[in-house]
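Note sheet for the following structure.
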Amino acid sequence: MPIIHVEMHPGRTQEQKRAFVREATKAAVETLACPPESVEIIIAEIAKESWAKAGKLKSDA
Amino acid sequence: MPIIHVEMHPGRTQEQKRAFVREATKAAVETLACPPESVEIIIAEIAKESWAKAGKLKSDA
Amino acid sequence: MPIIHVEMHPGRTQEQKRAFVREATKAAVETLACPPESVEIIIAEIAKESWAKAGKLKSDA
Amino acid sequence: MPIIHVEMHPGRTQEQKRAFVREATKAAVETLACPPESVEIIIAEIAKESWAKAGKLKSDA
Amino acid sequence: MPIIHVEMHPGRTQEQKRAFVREATKAAVETLACPPESVEIIIAEIAKESWAKAGKLKSDA
Amino acid sequence: MPIIHVEMHPGRTQEQKRAFVREATKAAVETLACPPESVEIIIAEIAKESWAKAGKLKSDA
């Protein structure tokens, strides 16, 4: 049942995403007491041209 | 007023999306008693490389 | 697989929500060709004090 | 601390996005009393083929 | 057309939210060249018990 | 930089949430190579009355 959305910059390899979803699911299962099949994770990659902090696009920082 | 976000895998035709937004809007109008113009639907297509279930990317499953 | 998020004002009865998720799921199944068990819908009720249009909170409009 | 997500159609220049995040951050800082560094803004561009109003994709309207 | 979602901690007055939506809408209208009526803003207040940074809930920090 | 949103049913203790954000942040840091301070997690608790699967509210299932 946990649905997890992750926003991060592009640049991770498919292997890193694979490791992330495996470990994050394990974290959910162990701490929230839910079955693995109930954990869904959706990753969105957000370019630095579309993400700002302190009023500045990260591509300009 | 209902704002509806849909996440699904890519692969649907434009005709399928067209039918979906028509029928889902009808469902909202009929059951929630809201005018059609108030219903907005945003569709996000999420690749299997970015969607995991049970700790596994769907592209690996 | 479709995950559907709906934002609307409070005030619908539980019966209306029940009808909405039934009909919206049917719309997804029929138009997107996905099994019913794969459709999840999450409803968020957003008070008029927290929703603005045209620069004005709906509670002030 | 405010995290701000913006959904809009594609078509704005990078200069327009730059101006938007600068001005929207200023609006948050001045009205919500938070430090500029705490404001993050993520922009998602949603094609008219994926955004519907009143049961119709905007690309069909 | 821009739909803007804001997540922040509770504690702002209704007057602060009112000022924020007014100023943020103005920022959108001026920089993105969209009519005011097209700007919707939804504010979600997230308790410190439900928001973590660096692995720690903000209520524990 | 990863921003992580988690949706789950209410019922977890504050201690479980604390453990979850600690372990999920560790998973992000180790697999995505990002500093701990860059990881933010927001938890939303969604009542069974507002979450449906297969066309049925979970509170009715």
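In order of appearance the chains are A, B, C, D, E and F, and numbering begins at 1 in each one.
Basically, contacts are C-beta pairs under 8 Å (C-beta built on N, C-alpha and C of every residue); 3 or more make two chains touch, one makes a residue touch a chain.
Keep in mind that what you see is a predicted model, and the values were worked out from it rather than measured.
S.K.: Between chain C and chain E, which partner chains are common?
M.R.: Of all the chains present, those in contact with both chain C and chain E are B, F.
S.K.: Residue numbers at the chain B-chain C interface: does the shared fraction exceed half, giving same, or fall under half, giving different?
M.R.: At the contact between chain B and chain C, which are copies of one sequence, the residues are largely the same (over half shared).
S.K.: Assuming a repeat means more than half of the contact pairs shared by residue number, which candidate in A-B, B-C or D-F repeats B-D?
M.R.: So the equivalent interface, with over half the same contact pairs, is A-B.
S.K.: Centroid from C-alpha atoms only, then distance chain B to chain E, rounded to Å. What do you get?
M.R.: 24
S.K.: Taking each chain's centre as the mean position of its Cα atoms, how many Å separate chain A from chain D?
M.R.: 21
S.K.: Which chain B residues sit where two or more other chains touch them?
M.R.: 3, 7, 26, 40, 42, 51
S.K.: Between which chains is there touch?
M.R.: After working through each pair, the chains in contact turn out to be A-B, A-C, A-D, A-F, B-C, B-D, B-E, C-E, C-F, D-E, D-F, E-F.
S.K.: Given the complex with chain E, which residues does chain B contribute to the contact?
M.R.: 3, 40, 42
S.K.: Could you list, by residue number, the parts of chain A that touch chain F in their complex?
M.R.: Contact set of chain A toward chain F: 1-9, 12, 16, 19-20, 23-24, 26-28, 30-34, 51.
S.K.: Applying the document's contact rule, which stretches of chain B touch chain D when the two form their complex?
M.R.: Those in contact with chain D are residues 14, 17-18, 21-22, 25-26, 36-37, 39-45.
S.K.: Of all residues in chain C, which touch chain E in the complex?
M.R.: Per the touch definition, chain C meets chain E at residues 7, 46, 49-57, 60.
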